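Two complexes follow with chain A in common, the first pairing it with chain B and the second with chain C.
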Partner chain A sequence: MNRKVCIVGVGHTNFNSMTPDVSWKEFMYDACKKAYFDAGINPRKDVDSFITCAEDYWEGFGIFDEFVPDQIGATLRPCCTVCGDGIQGMANAYMQIMTGLMDTVAVEAHSKVSDLLTYGDVVLHAMDPLFEKPVSGPVERERYAGSPSYPDNNPKPLVGSTDEKERVHPYFLAGLEMQHYLRSAKVTEEQCASVAVKNKKNAFLNPYAINQADLSSEDVMSSEYLFNPLKRLDISPLVDGAICFVLAEESVAKKLGIEPIYLNGFGYSSETPWLSTRGMDAGYARQAVNMATKMAKLKDPKKALDVVEVDDRFSYKELQHIEALGLAGPGEAAQLLEEGELYKDGSLPTNLSGGSMGVGNCLEATGLQRSLEIITQLRGLAGKRQVTDAETGLAQSWRGIPSGTGAVAIFSRNPEVKT
Partner chain B sequence: MSEERIEGQPKYAPGTHVRSKDIRERKITYTWWEPEAQYAFSLGPANSRFLKELKAGKIIGRTCRKCDRVIVPPRMFCDWCYDTTHEWVYLKDTGTVETFSISYLDPDAHLIEDPILVGVISIDGASPKHGFMHYFGEMKPEDLRIGMKVKAVWKPKEERVGSVTDIKYFKPLIGGDE
Partner chain C sequence: MTYLEKQSNPLDPVHFRGNLQADYLYTSGAAGDKFFKHIMENDSFLASECEECGTVFCPPRLYCEDCFVEIPDEKWKEVPAKGTVRLFTTAMLNTFGEPLEVPKIIGLIDIEGTDSSMLGILKTKDQKQDLTGITVEAVFRPTQEREGTLKDILYFNESG
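This part shows the complex of A and B:
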């Protein structure tokens, strides 16, 4: 058995802070239709199996699995949901193809977070009910305009309002972790701020990134503390976006006449949910990259990788993740950034898509958004942000607060990664 | 905990019964949390138009020319051919009962005196088996049957808000009613 899995089609919607013009079904349809067009296939005949990455609380439906077939082309076809990030969905697609049962598998992930009025409360709901929820306050609680229990004419900011329930916004967990990271890596808040500056600037060159800004690190530093040491501009904004990939066995790509991008390796890992005892050093990323590099037979990732996308939902996360991935020594990622190595012409171009800072936090679609950038780079279609002769790239994602789950995918233009 | 045997329980099922009183009195250890999850789903063009037309007292669908299909409630894409749908088309407010159930219990499992008649109605003018769920009224439970012709009974215009309940229920269609 010498099957190889590659990406033969990608599609995505526009990304936006709100998408009131379409339902979530039409939104998903938009991304999938484009992916099938890109691959030149008819999903009703040519796709053997369909995977959506979704979590019921994000969606607002119980058993969301049952609501997906129509809009992804899967009515009366093999279809399932992976409750996790898009890269985990892609890993499942890979395994389905490797069994030989399926030759072509579609993977879709999306965020329609603008439909969710109580984002902070839903994240808080993901915390342990006995040990963590009771000590998650009392401070602010968010209320959005349009929420039935909140008057339309008096919208309050994301954080900073209080009401009788006195729950805290769970992003304080990122504040805890950042505090720990600053100390252990001997990194300054200014250095973390530079990540936000870089990625929001990168977003200018990515047509689908909407959170571009020309900031200085002073701008980030002078934004208000929300979860000290985390400031407003250290936090990526939420966006809506849907992405679909078509994965296929190599022979299908050849039949379609498509120049494939190979999925050479992947990995995913979950930390214990005990916030108080789990590591604060993104151990999930370390485990995931070990699995992925072993699978891709990648001995020296630092040398082989031409372009990298890592999770930066909070500015410090980019630095922490680069170190956890072994692409920099402990505490050295900030130095790489200062020396310009994480920019387009550096030795480790990181988050040229703009990342979560520049594109936005698209929940479970984050891993696919990162992978989309790598695939676009490897296809040579990244326009002004194109890395010359990019052959191998890595995408890494994290499921966000309060999860300790992360995934890594390694792509290249070759069936075997060139080292 | 209450350790008495409940009358009528079989002898082979001994054990300790848990009453709601035991929970109230905290004899059971538990922790409590009420999630605060609220959503406002954007409806998109198809469902927005559908609700707007219901408010006006009309039922509207979408056609898929490829599949020769008239879909109601309308959708912007067809799940059979996976292409976009084509045109808006007004449909009658009459239809056929596809299936039904007579419900005697409310969600808390209390007996309802007047049973709720609910079922699926295929709307006239749409493709076969295309329609939606609704209540039935102006009929006895024993009169309800599959294949029965029914007609929508609308709320008065000023009470309609753009909701599927702008139709109160479907009643038997009697000759000349159309």
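This part shows the complex of A and C:
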């Protein structure tokens, strides 16, 4: 068995801060339709299995899987939801194809976060309800309309106040982690600010990145402290966006006459959810990249990778992730940035798409957004931000606060990564 | 149809507001139960120590996440409800993204005699810039008002 898995089609919606003109279903349909068009296939007969990446609380209703099939062409077909980032979904597609049971698999991930009116509270809901979440402040409502569990005569005693406006936004965890990173890597806030500057500038060259800005690091530095040392402009804005990939066995790509981009390796890993004992050095990324490079037989990633996309939901995260991926020594990513190595013409072009800073934080679609950039680069279609002769690229994602889960995917134009 | 003729009047799209009725009972579990019942009556914490690797967990756990072995009752111990601030931040926003009326200082506190840390609201004696390394002590609600949840800890106060 010498099966190989490649990407034969990609499609995505526009990314925007809100998308009131379409429902989330139409939004997904839009991305999938484009991916199937790109691959030149009809999902109703050419796709063997479908995977979406979603989380009920992001969506606003229960058992998301059940709401999926119609808008992606999957009714009465094998279909499942991976409760994780798009790269994790892609990993599952890879495994399905490698079994020999499926030849073509569609993977979809999206964010329709503008439909979510209580983002902060939904994220807070991801913290341990007994030992961690209460630190944020009042979590119970004195009286919640229609709720039998909060009768009028039994308001719960709360610490401080019953005012729900006093609940602290869970991004405070990023403030804590950033402080840890600044100290352990001996990096300054200015150096982190430069990440936001770079990526928002990169966004000018990416037609679908909407958060482009020409900032100086002083602009970032003078934005207000929200969770000291984290400042307003260190935080990536939320966006809506849907992305679909069609993965297929190499022979399908040949039949379709498509020049394939190979998925040579992937990895994913989760740290303990307990903040009490969890590391703060992106250990998930370290584990994931070890798995991915081993699978891709990539001995010297730093040398082999032509283009890299890493998670930068908060500016410091880009530097922390580059180090965790082994692409820079501890505390050395900031230096690479200063020396220009993370720019298009540097030795390690990073987040040329604009990343989460420039495109926006698209929740579980983040991994696919990063992978999309790598595929675009490897296809040679990246326009003004194209890296010359890009052959191999790496995309990395993190599921965001308060998760300790990350994934890595390695793509190349060749069935075996050239080292 | 949306895709052939896109909506262009911003007043056209219709939406409605909904919410999820999602209320739960969160069971403390065997380990959590002991911990929370303990703090209802004591101004200290309970911790549990893995027999194999010696890691001391606080809040205590029934099993060690590294060795994946159970922690027997005799490896539980009482530890003082105090520790050292490792990391801290001043939170300015509430969950709606609006400014908090009173910013909160939240710390990650390494609990004394354990290998674990806890999140806690910090109160200091004076306005300090750097709270790293200061020792803090948990301030509990009056005993008769405790309900056996983390909220029995009001905040962590600078010691001494």
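Here is the rule we go by: the second predicted complex is superposed on the first by the 390 of 419 C-alpha atoms of A that agree within 3 Å, B and C clash if a C-alpha of one lies under 4 Å from a C-alpha of the other, contacts with A are read in each partner's own complex, and residues count from 1 in each chain.
Convention: contacts are C-beta pairs under 8 Å (C-beta built on N, C-alpha and C of every residue); 3 or more make two chains touch, one makes a residue touch a chain.
Nothing here was measured: the structure is a model prediction, and the numbers come from that model.
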First, second, both or neither for A:Tyr171, with chain B first and chain C second: second
Which superposed partner A:Ala213 touches (first chain B, second chain C, both, neither): neither
First (chain B), second (chain C), both or neither touched by A:Thr118: both
Touched partner set for A:Pro129, first chain B, second chain C, both or neither: both
Which of chain B and chain C A:Gly73 touches, first, second, both or neither: first
Most chain A residues touched (candidates chain B, chain C): C
First, second, both or neither for A:Ser276, with chain B first and chain C second: second
Which of chain B and chain C A:Met98 touches, first, second, both or neither: neither
First (chain B), second (chain C), both or neither touched by A:Gly60: both
Which of chain B and chain C A:Lys25 touches, first, second, both or neither: first
Contact residues common to both interfaces of chain A (with chain B and with chain C): 20-22, 26, 60, 117-118, 121, 129-130, 134, 146-149, 165, 167
Residues on chain C engaged by chain A in the complex (per definition of touch): 2-3, 6-7, 10, 13, 15, 17-18, 20-21, 23-24, 26, 28, 32, 36, 55, 57-59, 65, 86-98, 100-102, 104, 106, 108, 115-121, 141, 145, 147, 149-151, 154
Residues of chain A that touch chain B when the two form their complex: 19-26, 29, 33, 36, 42-44, 57, 60, 69-71, 73, 75, 112, 114-118, 121-122, 125, 129-130, 133-134, 146-149, 165, 167
Interfacial residue positions of chain A with respect to chain C in the complex: 20-22, 26, 30, 60-61, 117-121, 124, 129-132, 134-137, 144, 146-149, 157-159, 164-172, 175-177, 179-180, 224-230, 272, 274-277
Chain B residues within the chain A interface of the complex: 31-33, 35-47, 75-77, 79-82
